[in-house]
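You will see two complexes here that share chain A, one where it goes with chain B and one where it goes with chain C.
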Partner chain A sequence: MSDRLKIALLLAPALLLVGGLFFGGLAVGVVRSLGVSPALGGAGPTLAAYRTLLADPEFLRSLALSLHISVISTALAAIIGVAAALLLRRTFVGRGVATVLFQLNLTVPHLVGAIGILYLLSQSGLVARAAHGAGLIGGPADFPPLTHDRWAIGIILVYVWKEVPFIGIVALAQMQALGEDWESVARGLGASRWQALRHVLLPLILPGVLAASVIVFAFTFGAYEIPALLGQSYPAALPVLAWRRFTDPDLAARPEAMATALVIALLSAAMIWAYVRLVRRGVRA
Partner chain B sequence: MERSPPLLRSVRVLSGILLIVWLVLPLVPLVVWSLARGWRYPDLLPDAWTLRAWDYALSAQSGVLPALWTTLVVAVCATALAVLVGVPAGRALGLHAFRGKALVEIAILAPVIVPGIAASFGLHAVFLSLGLTNGIAGVILVHLIPTVPYMTLVMAGGFANFDPGFEAQARSLGASRWQTFRHVTLPAIRPGLIVGALFAFLVSWSQYLLTLVIGGGRVVTLPILLFNFASAGRNDLTGAIAVLYVLPGVVVLILTARHLSGRSAALVAGLGR
Partner chain C sequence: MTRVTLDALTAVYPGAAAPAVDGLTLEVAEGELVALLGPSGCGKTTALKMVAGLLAPTSGDVAFGGRSVLEVPPERRGAVLVMQGGLLFPYMSVADNVGFGLRMRGRPRDEIRRRAADMLERVRLPGLADRRPAELSGGQQQRVALARALVVGPKVLLLDEPLSSLDAHLRGEMRDLIRELQQELGITTIMVTHDQEEAAILADRVALILQGRLQQVDAPRAMYDRPATEAAARFFGGRNFVPGTAEGGRFLSALGPLVLPEGARDGPGLLTIRPEAIRPGAGPENTLAVRVTGRAFLGTATRLTLAAGDVTLEAVLPPDTADAFAPGGAAEVHLPRCALWVLPPA
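What follows is the complex of A and B.
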């Protein structure tokens, strides 16, 4: 058997499944978003759904909300994740516990984190009760709304809770792979702790951290269950809006649902492009 | 390594404590709720402790046990299929250089990064005409979207350190294809295979939206049930189900702890979502 044929046979089952299910699903979504569907009769391809979306204030507000959630969650998770990695590579009391919790957190489904944050931070949650006990607030209404709130604080906190360990472990693995030599040389040449960190370590781990951040951004942009549980009903995050239109009894809303979901996919595809570029640059560096 | 100044060391301990508290805090109310009887605002702790929520969760009426079973069947089947197609594909990517490899890698990576919502909406239309919606077979198939790429990429990493020369030696010494695989290839790729399969299981175990879209609410897995109870405000039962739902992850972590370090941890972290 020639090598080419062997490679093709090894890859074929996986590529057929991924191609058929993922790319096939996407392709059907594109066709349906263009209004071509047996259920709707023989209407030709049209960009009507996309035109409607761009003129729809609800869609635009949802898009803005989802971008707000993803940008802030990703930035916070990246900064705190790198800081946590810097902490965890040094010995200190409790380091073992923190490392185990880091790994444990990776296996906890997002939905569980969302419910935990709900019971912790809602206006009758654990923190509100503690605030009442400390005499800071009277009733639940005095506690600032941190869930189902305008600024999506609860949603962002779930993502930060889940993604700090993710970015932290990626950054930690990179630091371990680099070792101490680079910083030691910088310190030996007279750099301060801060300078060694700022000008030597951070630039070296940056490509990996950025690549991990891209994954976080795409995930937070496309996840449904967290904003569905913790978000306001208007405006809702983009995946929640897409799901609502997808389940609308009026079949005419389907093309818009497909188009909304495709906007999510399109933005994430741009993220993949960025990811591949970053990883390539990381390999070269 | 030089010794850190005392101030820096105290800052470390302090931020370490903060980090530990923050990581644990959201899980605390879930456990307390699952054991609480009458936990009204503004009480910081419940009036009394009880196993009532657990009794109900494990009884026939709640539907938790069938949901647990469904989640398990879906995850085991999706993982088995992902292993079957992911190991050969990982071998191709880990051992061989070929034209179009970068494109194949991007195609495999895409479903890991691009949220499943768009593909699942389109797939729903196709599955509808094939009679695969609202059933467990369709849900298993759609769970292959995240699990197959995950398994493939983990195995590509596993095969990258494997020398196929050992297989050729075994064959030249008279071993059959199966014997070669069983005694030479399998032991070499076993750590990656175990870690990959366990985490592929967790990937399927954590799916919510893919199950909802294709299962149409008829295939009730644990997260679907959990979401419903959480939205209905049944905090005690929600707490109990949430604890049950987290347990397999803890078990997987204990099983893989000795395989997890450095780069492999990053790989698992990168894809185990």
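What follows is the complex of A and C.
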């Protein structure tokens, strides 16, 4: 048996599983989004669902909301994560403990974080009640809405809380791998502490931080549970909208649900593609 | 031209039992190139960081031109560091790397470009300005790093293992370049290295540091010929140490009486001779009858292990000469008196 055949046979089970489940699911999704459905006796492949979607104000508002959530969550998580890594890489007493605490919520599921935010920050939450107890507000309605709010503050808070350690750990690992020599060289050449950070350390860790950020962006753009728990019902984030339409009793909404899901996947893929290009250019530049 | 003075410089890392650098006192003259030499972990890089201002000493002082620079931050101290391997910024062109220091000082763009191009020419790399560091060979990278350091007109140049990352055939070229530029520009230079050969070929003087302590400061040749301690002698490849007593120009030991060079001091001591100084055959004096106990071919030379009574000596001879010394056989060697050196007793 040739080596090539042997490798193909050995890989076959895994490939079948990945290919069957992932690409099979994707293919069914694409077919359904095109309105082909034997059960409904549909009219054959058509882009009607996509056309409807792009003209649908609800979809467009959901898209804007999802982009708003992802862009702000990712940017905040990246800035805070890198800043935290800069602090944690210094030597200080208790650094080991601090690093463990910093990473701790990596193990906590998103859902738990969301419920925690509800308990804490909703208009009937702990903070609101404490404020009421202290006589700062008259009733629940006086507390600023931080969950189920227009600006998705509660959703963004959960994502930032959860993704800061993720980006921070990646940045910290990169900084530790680089060591201090690069900045030492820059300082000797006349760079201030800030210049060494801005012109040497940050560009050096950029590829890793970008990679982590893209993962965060794609995740926050496509995740369902946090906006479902903490989001407004109108406009809902894209994944929530997709699910709502998928479970709509009116089966005619199915193609639109599938089209929505595919738009999420497509935009995520576009982000990753843009990232790869950016990093390649960054390495050359 | 800047004189550099290290005065009882000491660094203790938190939690460490022994200081990394222990009371290092050293004066580097204007335009001089001094090598801090020692095995890895001996504290030499720590010393270099204190001179650069990247690490505050626990005690002691660093002075440039007689004035303490401890309060001066690294970017204003005028001591530039060239690290092993060059550490060029990978996301910048060669020209931008060389111009980095000038850019940090806010010099105008035209001036940066012109001075960077000049300096690239001086390190014999014209026409590479637009390349990326990854496109250069190791030797070219090291030269760009040197240009990047020199373009800012430093008072003091600090080199960390400047030749270690280079292939043997590039070392000579880089050595000549460093020497030429360093002397032309008259920059006081301190380099650190673990490689005695690197120190010997580059430095005016060598400061040997073992376990954070300065052992000896001397010209490279003197470190080989007249080591101050047994540890120093061993670091420079010394293998032969015979305890005994010097008395009236002779050394009395298990080897019998040996004639010492003039001016040798009387008293107990440790006689040493470099392996390559031992001569084959009988000589006018200091001839020893030996038994050959081992022979190893080293490429350009052959190492012999010789037993003279209870004393084991090591000799390094040209391979042709060493062929006459068959393992197990008897032979004669002699120890020229000018090659004998008596160390203080251990």
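Please note the rule applied: the second predicted complex is superposed on the first by the 258 of 285 C-alpha atoms of A that agree within 3 Å, B and C clash if a C-alpha of one lies under 4 Å from a C-alpha of the other, contacts with A are read in each partner's own complex, and residues count from 1 in each chain.
The criterion applied here is as follows: contacts are C-beta pairs under 8 Å (C-beta built on N, C-alpha and C of every residue); 3 or more make two chains touch, one makes a residue touch a chain.
Quick caveat: nothing in here was measured; it's all calculated off a predicted structure.
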item: First (chain B), second (chain C), both or neither touched by A:126; value: first
item: Partner chain(s) touched by A:5 [first = chain B, second = chain C, both, neither]; value: neither
item: Touched chain A residues, chain B compared with chain C; value: B
item: Partner chain in contact with A:118 - chain B first, chain C second, else both or neither; value: first
item: Contacts of A:134 with chain B and chain C, given as first, second, both or neither; value: neither
item: Contacts of A:55 with chain B and chain C, given as first, second, both or neither; value: neither
item: Which superposed partner A:28 touches (first chain B, second chain C, both, neither); value: first
item: Contacts of A:181 with chain B and chain C, given as first, second, both or neither; value: second
item: Chain C-contacting residues of chain A that also contact chain B; value: 180, 187
item: Touching residues on chain B, where the partner in the complex is chain A; value: 1-2, 4, 9, 12-13, 15-17, 19-20, 22-30, 33, 41-44, 84-86, 88-89, 91-93, 96, 98, 104, 106-123, 125-126, 141-142, 144-145, 148-149, 152, 202, 205-206, 208-209, 212-213, 223, 226-227, 230-231, 235, 238-239, 242, 245-246, 249-250, 252-253, 257, 260, 262-263, 265-266, 268-270, 272-273
item: Of all residues in chain A, those that touch chain B in their complex; value: 3-4, 7, 9-11, 13-15, 17-19, 21-32, 37, 83-84, 87, 90, 92-95, 97-98, 101-113, 115-120, 124-126, 128-130, 132-133, 140, 158, 161, 165-166, 169-170, 172-174, 176-177, 180, 187, 208, 212, 214-215, 218-219, 221-225, 228-229, 239, 242-243, 246, 257-258, 261-262, 264-265, 268-269, 271-272, 275-276
item: Chain C - residues contacting chain A, complex; value: 14, 49, 52-54, 73-77, 79-83, 87, 89-91, 100-101, 104-105, 132, 148-149, 152, 154, 158
item: Complex contacts: residues of chain A adjacent to chain C; value: 91, 180-182, 184-192, 195, 199-200, 203-204, 282-285
